[in-house]
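To start, the structure itself, in structure tokens.
Labels for the chains are A, B, C, D, E and F, by order of writing; each one numbers its residues from 1.
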Amino acid sequence: MRENRKVDEIRPVKIETDFVKHPEGSVLITVGDTKVICSATIESKVPSFLKGEGKGWVTAEYSMLPRATESRNIREAAKGKLGGRTQEIQRLIGRSLRSMVNLKKLGERTIWLDCDVIQADGGTRTASITGAFVSMVLALNKLVEEKELSELPVEGYLAAISVGIVNDEIMLDLDGKEDFQADTDMNVAGTDKGEFVEIQGTGENHPFSKNEMEKMLSYAEKGMHALMEVQSQALSEIYPPPAKKG
Amino acid sequence: MRENRKVDEIRPVKIETDFVKHPEGSVLITVGDTKVICSATIESKVPSFLKGEGKGWVTAEYSMLPRATESRNIREAAKGKLGGRTQEIQRLIGRSLRSMVNLKKLGERTIWLDCDVIQADGGTRTASITGAFVSMVLALNKLVEEKELSELPVEGYLAAISVGIVNDEIMLDLDGKEDFQADTDMNVAGTDKGEFVEIQGTGENHPFSKNEMEKMLSYAEKGMHALMEVQSQALSEIYPPPAKKG
Amino acid sequence: MRENRKVDEIRPVKIETDFVKHPEGSVLITVGDTKVICSATIESKVPSFLKGEGKGWVTAEYSMLPRATESRNIREAAKGKLGGRTQEIQRLIGRSLRSMVNLKKLGERTIWLDCDVIQADGGTRTASITGAFVSMVLALNKLVEEKELSELPVEGYLAAISVGIVNDEIMLDLDGKEDFQADTDMNVAGTDKGEFVEIQGTGENHPFSKNEMEKMLSYAEKGMHALMEVQSQALSEIYPPPAKKG
Amino acid sequence: MRENRKVDEIRPVKIETDFVKHPEGSVLITVGDTKVICSATIESKVPSFLKGEGKGWVTAEYSMLPRATESRNIREAAKGKLGGRTQEIQRLIGRSLRSMVNLKKLGERTIWLDCDVIQADGGTRTASITGAFVSMVLALNKLVEEKELSELPVEGYLAAISVGIVNDEIMLDLDGKEDFQADTDMNVAGTDKGEFVEIQGTGENHPFSKNEMEKMLSYAEKGMHALMEVQSQALSEIYPPPAKKG
Amino acid sequence: MRENRKVDEIRPVKIETDFVKHPEGSVLITVGDTKVICSATIESKVPSFLKGEGKGWVTAEYSMLPRATESRNIREAAKGKLGGRTQEIQRLIGRSLRSMVNLKKLGERTIWLDCDVIQADGGTRTASITGAFVSMVLALNKLVEEKELSELPVEGYLAAISVGIVNDEIMLDLDGKEDFQADTDMNVAGTDKGEFVEIQGTGENHPFSKNEMEKMLSYAEKGMHALMEVQSQALSEIYPPPAKKG
Amino acid sequence: MRENRKVDEIRPVKIETDFVKHPEGSVLITVGDTKVICSATIESKVPSFLKGEGKGWVTAEYSMLPRATESRNIREAAKGKLGGRTQEIQRLIGRSLRSMVNLKKLGERTIWLDCDVIQADGGTRTASITGAFVSMVLALNKLVEEKELSELPVEGYLAAISVGIVNDEIMLDLDGKEDFQADTDMNVAGTDKGEFVEIQGTGENHPFSKNEMEKMLSYAEKGMHALMEVQSQALSEIYPPPAKKG
């Protein structure tokens, strides 16, 4: 049982576009007390392994300010290397976003998605995916406006949410305190067509059953649908609303 | 359709124990043409964040020999840093194994699981989990024999397998070639009680539906069951066979 | 000549306190289009070289988000090392703030000042100093409120501003475009008693004379005075206004 | 005095070819309880300092699995740098093998020799050289078979062995325990023509005389001769037996 | 008050040219007990950010031998990274020297200035600038002699000196002991035309007033003038003496 | 044939003591055009692996100034890691010096030997060993003078020299040009009792016979004897001359 919201309800979400002035696409996404600046940069070249293949690439970087968290975390730049958690998250964000872009239509360009958490209260990686999607569409739209692309090379909406089992209760969109208590923790990224692009579930403290798995996925679908409504408003002038899933 | 085995069938699996003489527990696991040396080391101390908490820790390291793969991959020691893929895999193996150990019963000890791939043909991370489980039980059994522990602090069998969608067909235990062609790729670790401890599914090339998800999980369960039979034979003298799932 | 402000006038400045919820002290400082999040953390220990000396330490870290700038700059965490510019700036901020703290009264504590530039348009290091001062006083005030300190161990106001020579004209508070054109560039940090704590002037493109030096310092004094007014409003409830310099 | 073999006798040696399937040349060499996987990779380019010179290069990398040794050694990839011992050994292996290859006949190709110790019991660097030679000839022979080379660009057999002084007694092919007790330790690499390509002797615990030096070299010659017999069997179908030294 | 010299007097200075045989320009500069080897290397290419711009670059590296100092300092090569102090100093030396070179006349070449402190007793960064200037002119003169340049692309003399406030007394050219006691510490680099190219003043222990600032600059001017006399003798055969400042 | 000296003759050698003022022991050794500053530091603690064992340690670090060589070599501090050649040399110097010290008599102290090459013309590693020996004895003598040690814990003289085969001729003490042409290259460190502590011979370009080996060792003995004469003069007031080898 939760105090202020139902177990299958997400926290209040806000997406402010053009939060920072320099990037081609930029948002501040707020999910409860979690705040992430997502910026999209479009570069006119691709990594060496893709050169000459006539298609583009999408990649992500993720970082936390030292005091995004309750106690100060040491900067990875000061340590001189990226930690395992950061790399795991960066790869998750990158794969998720890449799945929604038609890389051939994008052409030989790289989209960099920078997700910088300025305040953390659970769900930073899923907020990053949800916000990065909006910043990416904003940036791609600039290319359309500048006639560099004839249409948005995007294949639908993408949002992500966490779900978990806390004290034997399945809950959607865990905040920091719930996340700390959770026995099972799952991050789900999906499309407006009701399909999944990433599922990462871990029951390190408590293995989970097939039934729990199914219920978690149902909650996640509900949460992603609600997030897409907010994304849709932020993109209302440039991208049609998400498909209605039957 | 596959040539030599059914789509829900795993490749031939072999687990040779005591493959290397120095470690407390050591196996060579062979899954098709994938070969991994899994060694377990037990250290009488814990990481600093656990000091004085009266419980233990389980952690894993994963590496490939440069020519485990078709073309030579550059050593991470030569590059001076661990890649994102390696870190992602190490974290997956560590969390999976940790979930099956009663850390309080283990006491202030750390179990290091070293998974070194000497030949790769798909499924190296799941073979690592499956083999590391056996090497861990072997090493813990030494502590029981030496009366340092009164019983094995292990809470059941653990195995892991990959499953994916290749040319619109769901397949169990992808080999290297199938993995390369797969649109959806999922790694599943589970217990002999039919529960999951890790699910990591990615549809970077092709999002997957809930139905596909369910079928993939069923295949995975079948595969893990078969792997536990092999584990059980390797451990026959020291650990009871896996629970029969109803 | 400038379009919208006089040559000895600073850009509009705003200091929002408690911008992020976790740090003991936190501000968002805006100087023109430059925006920096300054967070202060107080740690109950000192670096090893100060152990047992009965006094504290103040240190600073500085970073830019990749898209704080017009073109994307590569993260130092990804490069695996801090660049020379970053280290130079961190040392400047650290020395400046340290000069205003009575380290004996502070006791064996370390104040970490994290300055993260989210949008850059010239003067990021001086905005960092000016904002970090406010976040530091806010954090120290918490210690006073919690009776850990009997009084604020701060010895006056500290602000910093840039000044330079652009097209043979001395100008205060250069924005990004002016900074790019400047032949001489000077950063000045000073106190409300009219004294200097740091002066770093460079005439890489054009050496400067003693007369120019004097005029630049006069402009800088004017600018720092204006900045202290804004700091004073942000701290109005906890710290007396700056001394009037005769 | 030794228990099971004479002081001038080497341990049992076995060389299994094609131990791993991907490399162009691959062996598992076993010398007593020391086991090393040696793989040879041929790359169609040379390091930048050799570009356009019309000749090739031979280089080696050496590593130990963490539990090749009695107590677990920390991975150099995890440390982020190669240790001095590793670099010293890599350079020794590289120089030794390079000395036996006609680099002009090799043409603009690089031979990478990866020596991965899976079990260590003394003499890992000399076993690496001895095994790497065989894997290199196997790999080069593939180029001959594919008509890329008209003949093997190899100038004779190469083997290496250790010799030392243990409790004032000169001994050939020290195992791990003897190596630990040795006052003088020497590694010798030589050819089937009775010449030396590398001698590295160290008397850190006990300087050695010219007479001892000579006797050690005699023992080493005997040992290398025995090793070449084993190499010769492994290569019997593709390379003529070693020259008979008068 | 000082024992052996006046407060506005510099220590004995000696500049030995051609101290090391390989570099194009090389000096050993001795200022009191501070000794720095300054070597200039001219490379026929520029950093990538300058390619094709038709102008050159000047850059500096600074290092101390481990026992240049009273207690042994750890090598930065062993630590695997450059410290903040080193980077700050390298940037200062580089900017100072760059300001005196006509980069267009230099053409697409890079001048590397290596300043290696073999004995430190205060003022190592200013001695480095003063010595590097001489080594740079020597190296450039070789290009003139070899007809690669038609004239020296140098725009006057450059020297640097420290000045500070020790026990409330302003002093020129602090030695190590004075530097340790100083409340204010300033490094000044200037030209023979009486202009400044770098001023870095810090009052970490004691803020300084405008009057003190002015007096420090006067002392510094006197010191730089004396240093230029010594530089001028070292360069007497190839570069005219410094301009007489009115 | 050589122009100015016989094939078994060393270059002119000079050892200046107290070359730098801060270290406990310091020399500048000049061998032909090779110049190395060798400094000895004595630290009152040992590495962790020796703690509580009641004995000391000797270790060495080696570096070249960027322009010690004909073309500029990049600093290892700038690269962020030590190269293989440097590590190989450091280990050689450390082992050689360690062999001559009675570590029990030294007690729980570490001797750091810093060898910094300021000018290189062949034989830098052997000059480092020869010079480091003198600086080490000087430093240890300070401990004797200060009554911290009752006698010098040194077990005789140590010197090192190179020898090689150039155009089929065996030559002692190769200079840079000869070293570049050499087919075989050997470094030998030995004692005044005619024993060897290190022999490192490599015939990368041309394997060498047993006869050549013997002749090279004879030359080396002659060279080391001559070097010990020079060491003996430098140490005349504190250490007895080398033993006469019969």
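We adopt the following convention: a residue touches a chain if its C-beta (ideal position, glycine included) is under 8 Å from a C-beta of that chain, and two chains touch if they have at least 3 such contacts.
By chain, UniProt protein names: A, B, C, D, E, F = Ribonuclease PH.
All values reported here derive from a predicted model rather than from experimental measurement.
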item	value
Any chain in contact with chain C (Ribonuclease PH) as well as chain E (Ribonuclease PH)	none
Interchain centroid distance [CA atoms averaged], chain A (Ribonuclease PH)/chain F (Ribonuclease PH), Å	60
Cα-centroid distance, chain B (Ribonuclease PH) relative to chain F (Ribonuclease PH), in whole angstrom	51
Separation of mean Cα positions, chain B (Ribonuclease PH) and chain A (Ribonuclease PH) [Å, integer]	28
Chain B (Ribonuclease PH) and chain D (Ribonuclease PH), separation of their C-alpha mean positions in angstrom	34
For chain A (Ribonuclease PH), residues contacting two or more additional chains	80-82
Overall pattern in which the protein chains touch one another (line/ring/star/complete/other)	ring
Successive chains along the ring, chain D (Ribonuclease PH) then chain F (Ribonuclease PH) then the rest	D, F, E, C, A, B
Footprint of chain F (Ribonuclease PH) on chain E (Ribonuclease PH) - complex, ascending	20-23, 26, 33, 35, 37, 39, 41, 43, 61, 63, 65-70, 72, 75-82, 86, 112, 114, 116, 118-120
Complex contact set, residues of chain B (Ribonuclease PH) against chain A (Ribonuclease PH)	81-85, 87-88, 90-91, 95, 98-99, 186, 190-191, 193-205, 207-210, 213-214, 217
